[in-house]
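What follows is subunit A paired twice: with subunit B in the first complex and subunit C in the second.
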Partner chain A sequence: MKPAKINFPFRIAKRANITNTKAWIIRGISIVAALLVSGIVCTLFKPGSFLDFYKGLVVGCFGTTNYIFELLCCISIFLLLSIAVTPAFKMKFWNIGVEGQAMIGCILTAVILLLMPSAIPGPLVIIIALLASVTGGMIWAIIPTIFKIRFNTNETLFTLMMNYVATILAAVTIAIVSPGGSQTFPLITDPSRLLINIGTIKYIPFIIVTILFTVMMYFYLRKTKEGFELSVMGDSINTARYVGIKPHWIMFRTMLISGGLAGLCGFLIVCGKEATLSKTLVGGRGFTAVLIAWLGHFNPAEITIFASLVGILEQGATYTAGLIKISSKKYFSGVIIGLFILIVIVSEFFVNYQVRFKSKNKLISNNKPKEAK
Partner chain B sequence: MVTLIPLALRAMAVYIFGATGDTIIEKGGHLNMGVPGIMFIGALGAIVGESLYANNIPADQINVVLAIIVPMIFAMIFAGLAGLLYCFLTVTLKCNQNVVGLSLTTFGVGFSRYFIAIFAEMADSNIPVAGDMIQHLFPNYAQAGAFGEMFLSGSFFTYFSILLAILISILFVKTKVGLNLRAVGENPASADAAGINVTAYRYIATIIGSMVVGIGGLTYVLDLKSGSFAATNDVDAFGWLCLSIVILSAWRSWITIPVSFAIGLLDRLPAALGLGAGPLGQFIGILPYIATIVVLIISSAISSKKMQPPAGLGQNYFREDR
Partner chain C sequence: MKEAIRFTNVTKTFGKTIANKNVSFSVEKGKIYAILGENGSGKTTLMNVVAGIYRQDTGKVYINGKEADIKSPLDAYKYQVGMIHQHFKLVDAFTAVENLAQGVKRSDTPEYRLLKNEEKELGTLRQIKKKIKKLEQMVANEKLIDRELLSRKLKAAREDYDTIKSLKKSERKVKFYNLKTTEKRMNTLCKRYGFVIDPRKHVYDMSVSEKQTLEIVKAINRGADILILDEPTAVLTPQETRHLFDALRSMKEHGHTIIIITHKLNEVKEISDKVVILRQGEYVGEIETKKATISQLTEMMVGHKVNLAIKRDKPVNPQDRLIVKNLKVVNNENHVVVDNVSFVAHSGEILGVAGISGNGQKELLEAISGLYPISSGSITLINPKKNKPLTILHKTMKEVRKLAHDGAFHYSDGKRVDLTKVSNQKIRELVKEKKIVFNDNEIVDLGTKDPLQIRESGIHLAFVPEDRLGMGLVGEMDITDNMMLRTYKHGKGLFVRREKPGQLADKVIKDLSVVTPSKNTRIRFLSGGNIQKVLVGREIAFAPKVFMTAYPVRGLDINSSYAIYNLLQKQKQNDVAVIYVGEDLDVLLDLCDRIMVLCQGKVAGIFDANKVTKDKIGLLMTNGGKGNEASKN
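Coming up: the complex of A and B.
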């Protein structure tokens, strides 16, 4: 089999460097393009709804105070999970398992909040649940790490499998706890054990904790020695060894942070939002968070931007689907977010690579030395 | 036992198609986390094809061969296009494979669920008829007694999947094309130096692999779910398991047959034992994943060369990077 030689009219070259402004112009264009395409797709699903899509986005996200806090909470889940994977990715450790690590946090929190005897004061129960879920997330993250350190086991596949183990453990827990085979976890009703509202404002604890950890992660990665060690390890593990960084210890320590944050997010999802447990509580948002962290170049500031965009699309698209009465509206936001991420990923190509069109003259002169000016 | 094995065989076919397709993709050096999405898109293609066929034909004129071929073509085109998109992003645009794969899964699952729900609303009564006709390749299987009930009651897909897995295995070991593809997956730079067109091989392997994965989605709808569109909601769970089957079978497609059968059995065991949705029944679902983890650990611990993933798995190839 002799492959045909195709002569493309352009060639691809890696950019040596690109200014930040230029990179963000490219990204900005892709984000606008993604939003336009989403509107067009919406029109295809329901003719004549092009403008309704954007109206839905705005009203569904910012229409009432209630919507705004729903939105902030939605963004917080994406943001906190992305922040959790960021330090691991920074050292090129593919922690796809954030979904499972958060799920373990959810399970432990839900069980502790529900089953602790009512004599124990609420705040104490919350603290126990918090510690348990953070530890649970850490354990879930540390198991693949130990094998990665010891045997160099592929962490991408390992953490991926740990997700499903966690999801099934949730199903098992629900089956054990749920009364009479109803397959639904009872709602936690004791208000002293929940952190959902402060006054009448919803989800405030969740949002505050997320902002706090995002800012902390920003300084951790930018301003501390530990953060610097992560960057060195991500760039070159041999360089790290030469300057005296112990890669195994860094990996261990970082995955504790990563898993702990994911467990914290799981704790907040149950204690600060849902007050119950279900198999779909994290619902694939761990995977989306991985994508967000990558799109944001593992920089908490950029991650916040992308998490906000995805959060707005998630809530806005769901609202739009109800507004223009699309059938099967439950799945509409999935289509839109998938499209958005795919289009923004493409922009990364244009940031990293340069497409040069070959003109006929250039093809000939390419091999000649440049004329002196 | 007589009822368990046929059910396990049906589930097995879905796993074999998914895992074999993914093996082809991974042998070319692509860690494709988009498999669940591609499988879902394949299922959507099958549904589109089956609707077009069954809705336009009176119930008594439905032909089994056409009722298989038309949706199969659609499933392959849909899944192939998804594979092409993945390949364009990873090979030509050199985007990170994990990221593209995960986003393709997000997109594919959302997209397919959305349209399948629409098709389920307007499903024609002919479609279950077509599904029933596909269920058994040998209509007279009962005459062969218990053996027939167990092993001959499968659909066309059951036997086709086994045949395909063996053929693909032979292709990898015995033919030049298979050898070249393995070289591309192990070390694209050397393959390129040896005059193998890395880009072409990666494109073709991914697209063909995706088509096979798409047939897995088709099998899920038409065979496992008897052509019921409304029941087509957890194709992605099967897709994720396919990724683990590829690891369990150590990147050899013929081993996917016993592994898929074992996982098919595990799938059906809780229902057969009457455990239903109880804790123990749910817990059995963990076993395939635990087994995958154990195999991952063992294969890395003894660093057996026969059980390793392709060395270039997950890495894009760009000539200028050498």
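Coming up: the complex of A and C.
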């Protein structure tokens, strides 16, 4: 029995070297292609809505000042979560648990904001909630790390599982706190305990904090000694050992940063945006953030670009869904974002490899060298 | 003259790199060929084309006169080509026989081949039957006169019928998958060619040489008539090499064609009948070994004349520098990997460490650099500080005060140093003005220090692993950042400083003539030799007291190798104690002043390089303990 041999009319070869411009051209093409495909998918949901999709995208994101700040906040969630996973990814520690780490931050913030006695001044409550959520996120991140260090468990699976534990914890918290078994967390109404607006500008604390941490992460990875250690670790643990880096300590330290940032994001989601708790508060954005960090090659600048695109699609697609009256808005934006990421990931293949088509006379080996033509 | 293999205009490219360019030559049947060329000259690629690992872009390969379309290693066996790669492809958990039985098909057995050959000549059973019937009819026809001839023909046909039938019978009987028969066949093969191998031995228990033998037997067992060996002697001791060559010669006598890929000239001279030389992927020429001289071969290989002698100066004023006493190191699996090793490395001298790889060299060096935990024993560095000013790069103020209290220093004008009432600020000033001077050499116990402190005290390690990166270098970083690996912690503050490493990168690139587009090129994109230069250059740049290097010329071409040897010589002249772990015994003997032989983690002997032979070292490498006693007598 011989496997059938197929002679493909093309060959796939690894690219020796690719300039940055060329790589970004390929990515740009893929982004445009992704947008086109999204429009086509939109017509599948509702025939004849091809152009409505793009209209919805523009209006939904940039239609009013309000929309713009909604958009910035939406981007901020993706960006902050991506920034949280980046240092861990940089040292090839696959922390896909930001979803859960952020969720823990949400739970702690919501509970503290709601249940602290009203005698305590608002700012103090906020600070307590901030510290608690950051610590919570850190703890959630550090548990898998300790297991990894002590028993060499697989961090990917462990952090993934921790996500589900966090979601269930959220459900339990809601069940306990919700009045009269309504299964919904009460809205936090005390404005002194929330950071949603400064003046009339919506979500501005969230956005400012995100920008701050993105810039800091950029410098942390590029310019600091600790960031340098991360790069060394990521490339080769052996080399790290050879130059006197202690891998376990770096892992521990970095996961503290990663979990802490995710916890901070959780805090901001509750205190700076939603003012309540629900099981779907993070809503899979932690996983999307993992993909964004990956697409951005763990470089905060590139991550910002991809996070913005995903944010635009999320908000725009949700708006479009309302515009053309698709009943399940959430799913629609999910499909669009999924397609977008899929297509951009595929483009990475073309960045790394080139496809060369074989001409027929090349298959039959001719003795003359190619330059003779 | 019969051809075994003929290449016509074979070209193979990987992306932009051209591995082979229009290579055309042919290999005679029943001879031993050596394919000679430097690393990266395309020897292995070309042979991989024949072995079915790669396919040529253009050009043709003929095997035994027929055009061969080799798509996979399995196809290669169909053309009776077997290749023994540098990395063996054996199943560790299996015994020799079990490995041999892997993938053998009925069509691979000699019985099958014999039958097919006979059938080709005489025809298949059915054809002969037809023939007999026809003849019988003709004989029955009474009209024919030439009955005698016909009956003779008939008789012959019947005999043919019987031979084919018996061959078929015996072929049917062959249990090609049966371990017992495989073992039998293995034993006959070994006897015929003079291999020594225990069929029941597990691969994980085998030495490198045994594994290699098994690979060769495997290839022959699968019917390989043309055998290609990729750098077979790289991992063998001189004795093992001799055994291999004997076996290869006897295989040649049995009509096999053998091709050896190598860059070792003396082996080429010893074993081959003809040499084919490749340079930068192109065919340079071929020459009969008898008529060729070493210098002629080098010139063809490198493209210009090369002086192959290593100039070795006598050590000047050697002093004890590094003292290792009864060192014992246990690895993760609780095996003793370095066993009771004691030696002294002198300044201004190169101490060679010989041994088959995996006999404790790596662990020994790592233990000295603090990267591997020590079970027992001591490592002491004698820092030549006598009458030299104090530096506080790797000492805390507390330590300085303690040393001063113990009377380790005097002022440059000869007065006793008392620091009890001097402020830290003042001490720093004194140190800066080089006013505090050591009384005597500093003795540092390295057993208690961590890798960073050991490095700071002047012990540098450049270990080149098999994949070249991964121990001391980061492939994804540029040269500057790789320079910075050692010093990124220097200086205050949060941020790394790239100016000094950048200057160092420029200096290393210039001094060692590293070929690179710029210092901002990721070193993954450099060639092996240049990567090694970066590593060695960086370690040397910090003026080490002890410089340990393992396999620094691993996979390098002649020019780069000699550049590295020269660097080591220069270190020796600079009063550094150099410890050189190498593979090539010829080089060890030429380069080093003393040679320590390691065998299974033990010291099998330490010799003056002028007074020891290659054979003796080779013997000690394989059976250390016994050899040691012999050397004492």
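Just so we're on the same page, the second predicted complex is superposed on the first by the 355 of 373 C-alpha atoms of A that agree within 3 Å, B and C clash if a C-alpha of one lies under 4 Å from a C-alpha of the other, contacts with A are read in each partner's own complex, and residues count from 1 in each chain.
Criterion: a residue touches a chain if its C-beta (ideal position, glycine included) is under 8 Å from a C-beta of that chain, and two chains touch if they have at least 3 such contacts.
All figures in this text were calculated on a predicted structure; none of them were measured in a lab.
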Q. Once subunit A from each complex is brought into register, does subunit C clash with subunit B or fit beside it?
A. fit
Q) In the superposed arrangement, which partner chain does A:V232 touch: subunit B (first), subunit C (second), both, or neither? A) second
Q.
Could you work out the angle between subunit B and subunit C as seen from subunit A, using CA centres and rounding to the nearest 10 degrees?
A. 80
(Q) Touch test for A:M161: subunit B only (first), subunit C only (second), both, or neither? (A) first
Q.
Just to be sure I read the superposition right, which of the two partners does A:T224 touch: subunit B = first, subunit C = second, or both, or neither?
A. second
(Q) Looking at A:V290, would you say it contacts subunit B, subunit C, both, or neither? Reply first, second, both or neither. (A) first
(Q) Contacts for A:I345 in the overlay, against subunit B (first) and subunit C (second): which applies, first, second, both or neither? (A) first
Q: Look at A:W249 in the shared chain and tell me whether it touches subunit B only, subunit C only, both, or neither; answer first, second, both or neither.
A: neither
**Q.** Which superposed partner A:R241 touches (first subunit B, second subunit C, both, neither)
**A.** second
Q: Name the contact category of A:F62: first (subunit B only), second (subunit C only), both, or neither.
A: neither
Q. Which chain, subunit B or subunit C, is in touch with more residues of subunit A?
A. B
Q) In whole Å, what is the nearest CA distance you get between subunit B and subunit C after the fit? A) 8
Q: Share the list of subunit A residues that count as touching for subunit B in one structure and for subunit C in the other.
A: 13-14
**Q.** subunit A residues within the subunit B interface of the complex
**A.** 1, 3, 13-14, 94, 96, 147, 150-154, 156-158, 160-162, 164-165, 168-169, 171-172, 175-176, 181, 183, 284, 287-288, 290-291, 294-295, 327-328, 330-339, 341-342, 345-346, 348-349, 352-353
Q: Flag every residue of subunit B that touches subunit A in the complex, lowest number first.
A: 31, 33, 85, 89, 93-96, 98-100, 102-111, 113-114, 117-118, 121, 176-177, 197, 200, 240, 243-244, 247, 276-279, 281-283, 285-286, 289-290, 292-293, 296-297, 300-301, 303, 309, 314, 318, 320-321
**Q.** Complex contact set, residues of subunit C against subunit A
**A.** 8-9, 11, 14-17, 22, 56, 58-60, 71, 371, 450-452, 455, 461, 463, 465, 469-477, 481, 484-486, 488-489, 494-496, 525
Q) Along subunit A, where are the residues that touch subunit C in the complex? A) 5, 13-17, 219, 223-229, 231-232, 234-236, 238-239, 241-244, 362, 365-367, 369-370
